[in-house]
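The structures come next, written out as structure tokens.
Two complexes are shown next, each including chain A; its partner changes from chain B in the first to chain C in the second.
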Partner chain A sequence: MSRHTLAAWLFLTPALLVLAVFSFWPVGFGSYLAFTDYSLIRPTHWVGLDNFRYIFENEMFVTGLRNSVVFLLMVPFVQVGALALAVLVNNQLPGIRLFRAAFYVPVVTTVSVVGIMWGFMFHEQGALNYVLLLFRLVDAPVGWLSHDGIALFAIMFVTMWRGLGWYMVMYLAALQAVPADMQEAAILDGANRWQRFWKITVPMLRPTIAVCTILSVLAALKAYQEVDVLTQGGPMNSTFTALYYAYDQGLKHLKLPRALAASFIVSLLCIGIALLCLRWLKPKHR
Partner chain B sequence: MLTLASVLLAVHAAAAPVQKIEFWTFSMKPKFTPYFDGIVRSYEAANPGVKVEWVDFPWDIIQTKLVTRIVAGTPPALVSLNVPWADEFARDGLLQPVDALLERGRYLPGTLQDLTFSGKTYGFPLYSNVAVIAYNTRIFKAAAIPHPPRSLDEQLAFARQIAQRTGKAGLCPALAKIDGLMMQQGLAVIRNGRAVFNSPAHVALIRKLADTYKVGGLLKDSLFAEDNFPAAIDAYKGGRLGMLLAPPTAVGRIAMDARDIYAVTDVAPAPLGPTGIADGGWLIHFGVPAGVDKALLPAVGKFARYLTNDANQLAFAKAASVYPAAARAASDPFFTTVPPNAGAAEKAVVAGAVSMPHSHTLYVAGVTDYDELRRSLVKAVEAGVTGRQDIQQALDQAVAIWNRKLVKQFPAQSVTTKGSGTKTVASAAVSQKRPTGGPNAQAVTVFVPDPDVVTNSAVMMAVAP
Partner chain C sequence: MKKLAHYLVLCAIALLCVFPFWWTLVTAVSTEGNVFAFPPTFWPKAPSLDNFAEVFRVIPLLTFFRNSVFIAACTVLWKLVLCSMAAYPLARMRFRGRKLVFGLILATLVLPSEVNFLVNFITVTKLSLVDTYTGVILPNVVTAVAILLLKQAFEEVPQDLIDAARVDGASEWTIFTRIMLPLIAPWLATVGILTAVEAWNEYIWPSIVMSKPDEFPLSVGVLYLRGTFGSSTRVIAAGTILTILPTLAAFLFAQRFFMRGMDGAVK
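Our next item is the complex of A and B:
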């Protein structure tokens, strides 16, 4: 090992120790407990795949897992939307700072406030239905959160709305790091705006796109806060997500091994999809 | 000599071990801090050598805290719980029976029955609640309804009438607690360890709800949410709901938040089901956790009796707008006399007191993973009420799900088929082990005219291995 490598490891050691205690150990121990009948009141026994069999036979977990995968549909929309917003607010226009701040507000708004606000919006007598009825776009109020075919998509929209500002800021930072001389050279070569965007900006943003996409995929698979504040899994269990099931079992009903088994599955899914994203979105040139 | 005796006494008193009694409540701070501080001070003053410590937790973490402390071997002496929690803790051996410490005659019989599992009583009743019907007289007049409803059928019929004549919703039942409604209406959820909520009578009940839903008689907002009360009271305060089934405190909230609606609000006792059980009962009590030092139990019992005596229960009930579980406190004029020029809020207190002796905590006891099973029942009911699935089919599917789980929990029972897909059980092992007397049996005969009805105590009888 070279001196440089040794020094690097030396500097990394404190952080690794903290990670080991507060991340690796809980994850490892939690994963082990998913294979046991752990409870606070009885001795723990190894039960193999019993917890996994239980949750896969459970309609709510299976629905939750399917919904978590459906949640991934949100990822392209949030990424394209955030990129478009970033390009928009990257222009030096009057009042542009106000727009940047406005788009970022949902990111810093707590989920409870978001839940109350969108609860009003999605209410059968709420603002959204009022506008739709006013312009005669619908004949009767839409059950945004009370119809089992719509509620999940309403929640996905809220999650997307919350995340948009966060990714916009990341793209904005990346856009501002794109060297101006490359754009100028392209202009001299006669490239139009659209060509410059596709041929220069997007390739330069590829590492940021990869990071944002992975974060967005993980956020989609881990969705549960919005579910908790807006529908608690209803109507007809249609908005249960895999992680909401874990929360419901673990913290509401103290069935910790089932919750851990569900979390284990979600973690595997997260790791698998993150690896795929890394493979697909890896920058071709360094 | 006298001085010497005094000194010796003082030394003895100083050397005597202090008995420490720690008791837990949930979600009482800060509103009831003066009340509980007062209890602690006065008890300590009257009982030298006893040190009382009051701890309050938010309701959603008290169970975890309790389990942790029991496992650690340092449980509190008393803990405030609701009945379903007590049932689960008692089954897990985390609570001690308190029969030897109770003075049974002090409490309303129904409250003790709620806390009796497998023939043993697991708590000192503190307070309960009961629903009244608050109704908007302006909406009633517009819908030409002459009087408040006297049965569930009338409630639903009035709700339909309100919807058809005013375009507003009439009622917002808590359909996430449909199991409680079924039991209150005399329809069994479980019989002999098997789900039986797909009988023609059950289907008829859901059909009535579905018919009311279809014409807009039920408030759609959060109708099947675990807690739809906020949506219901908001709708009532906004003049969008004709009837509100709620505890008397809710009428006080209407008075504060919506004066115009309060001005046209009147109240009536909520109809008792055919079982004679009132809606909205939810008993809170003090239980004694497992692991509390046996030597401390007499002192714990004495303090628990003090905590739940007539005077203290009455003071608390008045402050919290709930109903005392102590018999004498419950018959205080505060709960039985309508003051002159009373508004709906004051009338509601008396209307609720009429139902209080019929109040029970309705839930199914003794079943592992009950909440999960209940969710599949609620899903089936939602599908049936909203017209997304045939009611019989939806209930049959839910019963099948329940029985797949129940057969694992109570495997000794053989399943036979009766009626239109109704699965019931000709039980061998379980029925032989049923207690033949005691409080459980009494609960069935007193409160359950129909032998199919299952209240918490009755279920314990039905499923206890």
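Our next item is the complex of A and C:
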């Protein structure tokens, strides 16, 4: 054992211990418990796929899973929006830093406050309906959070509102790493703005687009905090997401095995989609 | 002309981002009506701080505030200590198992951590950490992102400095605390600020671990306002503003840390 080995492990041990207890253990133990009838008071028995059978026969989980898939619709909007925003603020106009800050403020706001503010905004007599009525875009106030066909989309919008600035910063950093001389060479060759964007900028941003898209897909599948602070799954269970079902079952109703089975499914979905995205988005060989 | 259009688009989006904050603020300083007055007020008439006083009078806001400060400070401190300790050998030492450890840490980036909270709740219960700040803080003090950032920072330190210290007979611990840590101070600040805001804003986990209202952090306590005041949205709005202010101040103060590379890259 080299002099380094002992020192290195001593340095690493505290962090690894925390990771082991709160990151690795929950994945392993949680996957196991999803196949049992675990409760805090009885001895545990292996029940095979019972929990999975239960949740898939349960309307709330199936709705949640479907809603989680619907949530993926926001991914292209967030990504295209964030990239466009990054392009818009990637210049030296006066006051541009103020705009960057404004776009980032929602990112650093706690979800509970976001829930309260957007609860106000979405209220039937809230600012949103007022503006829409003012410009005659709707005839009657819309029940953004109280109509079961709309509430989920309202939540998706809030998630987008919160996420846009974060992805904008990622794209901005990547944009600024695009070498200026490539752009200059293209200008000399007579390429217009649009051509330069598609032929130079987008290919250069490919790795960032890949990473951001994956993160955004995973975030959409794992959405549940916004649901908790805005609608708590209602109206008529229309805003249950798969992970919110897990949260609701596990911590509000203390049905941990069912909750773990649900989160097991979400995990599988996340890992599967992450792998798929990685394959699709891997830089092509040139 | 083109510039004007550019600014108009920027203003429209900025309005969408900032408007909910503005409207909440206007409601918070209003003395009559509430959020649901029709037509809503978008500019304060006869502003006053009465609603803020009302919040302080009815809700232990200062206690929530103190709890949040405590949680954020401890999370930052422990994260900087543990993650920099973990990052140092990964960056600068050759030892058996290095690749494996690094792989495991990377794996936590891919694993969906949001699904961990159920088992973590069991763990925290078994360790008798329910209703303790340790229970709130501990699961958050080691993150792969922090380790990766600090590892990057350590890799930029010139090898000569380390070699010189080793020749002088300095122990690894001395090298780490006396040479490495001071040199990566800007990175420690970056990770620290990001962590502080994250910890300050964390909502689900503290609401799971904590059950006594006196121990709530601000992010959880602010929802308590909604239950207590029901329809008095002016007071709720005031409480909301009070919750945001510290984060907003920290953010504006440390803007360049949040958007690292955004200004520097145009050289």
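Basically, the second predicted complex is superposed on the first by the 262 of 286 C-alpha atoms of A that agree within 3 Å, B and C clash if a C-alpha of one lies under 4 Å from a C-alpha of the other, contacts with A are read in each partner's own complex, and residues count from 1 in each chain.
To be clear about the criterion, contacts are C-beta pairs under 8 Å (C-beta built on N, C-alpha and C of every residue); 3 or more make two chains touch, one makes a residue touch a chain.
Owing to the predicted nature of the structure, the values given are computational and were not obtained by experimental measurement.
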| item | value |
| --- | --- |
| Partner chain(s) touched by A:A185 [first = chain B, second = chain C, both, neither] | neither |
| Residue contacts on chain A - larger count, chain B or chain C | C |
| First, second, both or neither for A:I41, with chain B first and chain C second | first |
| First, second, both or neither for A:H123, with chain B first and chain C second | both |
| Partner chain(s) touched by A:F103 [first = chain B, second = chain C, both, neither] | second |
| Partner chain in contact with A:L137 - chain B first, chain C second, else both or neither | neither |
| First (chain B), second (chain C), both or neither touched by A:L49 | neither |
| Partner chain in contact with A:V202 - chain B first, chain C second, else both or neither | neither |
| Partner chain in contact with A:W25 - chain B first, chain C second, else both or neither | second |
| Chain C-contacting residues of chain A that also contact chain B | 40, 123, 125 |
| Residues of chain C that touch chain A when the two form their complex | 3, 6-7, 9-10, 13-14, 16-21, 23-24, 27, 35-40, 42, 82-83, 85-86, 88-90, 93-98, 101, 104-105, 108, 110-123, 125, 138-139, 141-142, 147, 172, 176, 197, 200-204, 208, 218-220, 222-223, 226, 233, 236-237, 240, 243-244, 247-248, 251-252, 255, 258-263, 265-266 |
| Footprint of chain A on chain B - complex, ascending | 63-64, 67-68, 70-71, 92-94, 220-226, 240, 369, 371-372, 375-376, 379, 382-383, 388, 401 |
| Residue ranges of chain A in contact with chain B within the complex | 40-41, 58-60, 123-125, 143, 146, 148, 231-237, 252-255 |
| In the complex, chain A residues that touch chain C | 1-2, 4-5, 7-9, 11-12, 14-16, 18-19, 21-27, 29-30, 33, 40, 85, 88-89, 92-93, 97, 99-106, 108-113, 115-118, 120-121, 123, 125-127, 130, 161, 164-165, 169, 172-173, 176-177, 218, 221-222, 224-225, 228-229, 243, 246-247, 250-251, 256, 259-260, 263-264, 266-267, 270-271, 274 |
